[in-house]
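Heads up, there are several structures right after this.
Each of the two complexes below includes subunit A, the first together with subunit B, the second together with subunit C.
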Partner chain A sequence: MKVTVDQDKCVGAGQCVLLAPDVFDQRDSDGVVVLLQEFPPAELHDDVRQAAQVCPALAIELAEQ
Partner chain B sequence: MIAVVGASAAGLTAAQTLRREGYGGPLTVIGDEQHMPYDRPPLSKQVLSGAWEPSKVSLPSTVDDVDWKLGVRAVGLDVGGRQLALSTGDTLGYDKLVIATGVTPRRLPFGSSLAGVHTLRTLDDALAFKAELAAARSVVIVGAGFMGSEVAAVASALGADVTVVDPLAAPMIRQFGPWLGDLVAKLHADHGVRMRLGVGVSGLVGSGRVSAVELADGTSLPADVVLVAIGSVPNTAWLAGSGLSLTDGVDCDSLCRAAPNVVACGDVASWTHPVHGMRIRVEHRMNATEQGMAAARTLLGKGSPYAPIPYFWTDQYDVKIQAYGTFPADAVPSVAAGDVGTGRFAAVYVADGRVTGVVGWNLPRETRQLRARIGEPA
Partner chain C sequence: MTETLPDFPMARAARCPFDPPPQLLAAAPISRVRIWDGSTPWLITDYDTQRAVLGDQRFSADSRKAGFPAQTASVRARRENFRPFISMDDPEHDRQRKMLTRNFMIKRVEAMRPRVQEIVDTLIDDMLAGDKPADLVTGFALPVPSLVICELLGVPYADHDFFQACSKKIVSRSTPVDDAVKAGDDLRAYLLDLVAAKEKEPTDDMIGRLVTDQLATGELTRDEVAGMASLMLVAGHETTANMIALGTVALLEHPEQLARLRDTDDPKLVANAVEELLRYLTIVHSGRRRVATEDIEVAGQLVRAGEGVILANDAGNRDEEQFPEPARLDISRQARHHIAFGFGVHQCLGQPLARMELQVVYSTLYRRIPTLELAVPVEELQFKHDAFVYGVHSLPVTW
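After this line comes the complex of A and B, so read on.
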């Protein structure tokens, strides 16, 4: 799984950090998403998928093989 | 066949969830706009300001094998016979139904036919308003809620002379109460936007095109363009006579069910929140996604009581206000992180001895962390 984030679309909701704190963080200044792991390990994939689904800006894209 | 009526965020999410959770049968999505699903929050922000090309609002609509019926409205529902009546004159039989028809901006009882008087809900609304805003000198915004406040910020940044009118004492007071409302009022004053608070609008003046807004106290405000942002009404007129309960949008139970084999989600749906124990309807972007998922799961027999912690936000000037939870009128705010004086803070709202919500002002990380306190004793 490869994760990409669109920082321009991100609205700083923090839902991704709540669901997968090892993969996503927020910038301190404006809350915009920061990607911690571009290729998260398999045990985090479900959490990352859920984060991508609930993101209110749909700013997380997943490429799965 | 599963039919989804409504092709915006909630309807799209419901359709995506149905496929993701294994529904392999026929799926039809009906949308009254010609556009494929798109995101509405940027309309009053990045689209209006010109920061984004309009095409950037499109939502990734990758759903396998969907029959999209766009530019088509549902005009009637026969719950017992499982049939939809469409604006094309056709009827459409279904096995299960998702209602996600959203809301329509409320209008003033006068002046709607004057040129220059706008509401803002759709992409077409936003582009029409943006085109007129570019040449406007005097802009009057009726309503100081989220929409009115956001648009005031954009319009003033574009160089217009902006006045916001609201019968209540502060902007966004319905959402956050007077304490935060006064801070928002100051933010706008600091940017040169006038707020005429505590006074209603009594008329829109003009011959053919609006030229002024008359207030109940006798004042007349010159206006080249007017935005009416006084809330919304759920799109349920097409359900009259269907037998569905429609006291607040489409009334659902805690699993988003409006009737056997019928669920509703998004702005149009009210439901009994299992934690709060009362019927609520949430017109926020996050809820469209979460409730779209919940409603779809219910249709597939995988439902569970829908008990979200609502999240919503607004961007005005260089301020991002974020909110988790609920903000009852009797809840008392207190600063829990940061400092109001520095322009970065978060406040918890407490009612009946418990934290009901958290609001942050340019303090996203701490605000998110305070979310964990919602429901706890203060």
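After this line comes the complex of A and C, so read on.
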């Protein structure tokens, strides 16, 4: 799984950080998403899929093999 | 033909205080309704279509645009005096929202958790030391979010009688237009004074930071800072307070769910219960509103530019394709993808704070008062059918 985030689309709702804190963080100035791991380990894939599903700005894209 | 259109909002069924109106749940995914001003916007009820519309910025949140289906005459009149960023489109909406997002970052909200726990424990101590029956709304459900938002914003809690009264008038459908406009103006005037005080003596709180970072640099005007503060204050009160009180009623009416929540040590189950109660109750029950800026096909129906759209999030959260047996309250179900906070770029800014407050409350209140029960039959409770945010007006409890 490869994760891509679009910081221009992000609205800082923070849902991805709650669901997968090892993969997503927020920058201090405005809460916009920061990607911590582009290729998260398999055990985090379900959480990352859910983060992508609930992102209100559709700012998370997943490429799955 | 339009004479036969159903009115919106619709009425809930008697004795089903937690369920959306049956007529709403039975409506087609997209259909016409008639609202207070005689206009006939589209009503959208199914989950997928609501997410598609709320995620599509060709549907505008700008309340000044012709065809925008205002909630009430009062909201339309208030928006003429002041239009907050929730009633704007990008890029201006994004510019203003991003000035506030850092206040609701997950790590900042988590840092507030011990203080929220302290507030919750103190209020429960006070309630237990007082007379019973007690009103859970005035004694607990309202003070918790009120104290929290006051500390976050930098508003003196001592003034709570004033701003809670303004807030109550603003969110009621039955407030006369002039009174609602006055309540909005009074609240902003009060906050303008507070902004002026913080210009003289800077403070490290949300309003203080807007003053030093945005007002001082000319990015925002004084009116805009006061307007943002007003929006945060009202939103911070009316939502969490109603979730606490109405959530308690729902749990008391589902004792097996209440027992599971009370007896668990698993913070994940508590967090899951918060999501399920947000879904099940969907207290923002008057529909989110947009207007199409071009001709767009929605669920097989052409919506013309200038036509209004109402998104019934409460119906979307009862969509059985997404939530099997949607009328059942089940704190362990997968409900995380609910749309109780809306969807799209306008999705609730304060949701991390709301979640944390509700997690602290639901994991503490029923444990500290395991014998908590209604002091009147549930049929006697007055539900907020007339408010934009659903809940109970008061909640007599004993233990």
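To be clear about the criterion, the second predicted complex is superposed on the first by the 65 of 65 C-alpha atoms of A that agree within 3 Å, B and C clash if a C-alpha of one lies under 4 Å from a C-alpha of the other, contacts with A are read in each partner's own complex, and residues count from 1 in each chain.
Just so it is clear, a residue touches a chain if its C-beta (ideal position, glycine included) is under 8 Å from a C-beta of that chain, and two chains touch if they have at least 3 such contacts.
Remember, predicted model here, so these are calculated numbers, not experimental data.
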First (subunit B), second (subunit C), both or neither touched by A:4: neither
Partner chain(s) touched by A:31 [first = subunit B, second = subunit C, both, neither]: both
Which of subunit B and subunit C A:13 touches, first, second, both or neither: both
Partner chain in contact with A:53 - subunit B first, subunit C second, else both or neither: both
Shared contact residues on subunit A - subunit B and subunit C: 11-15, 17-18, 26, 28, 30-31, 53-54, 56-58
Complex contacts: residues of subunit A adjacent to subunit C: 11-15, 17-19, 21, 26, 28-32, 50, 53-54, 56-58
Partner subunit A, residues of subunit C touching it in the complex: 54-55, 94, 97-99, 101-102, 104-107, 109, 336-337, 341-345, 347-349, 351-352, 355
Partner subunit B, residues of subunit A touching it in the complex: 9, 11-15, 17-18, 26-28, 30-31, 53-58, 61
Residue ranges of subunit B touching subunit A (in the complex, touch as defined): 13, 16-17, 20, 39, 41, 56, 59-60, 285-286, 289-290, 293, 311, 313, 315, 320, 322, 362, 364-365, 367-368, 371
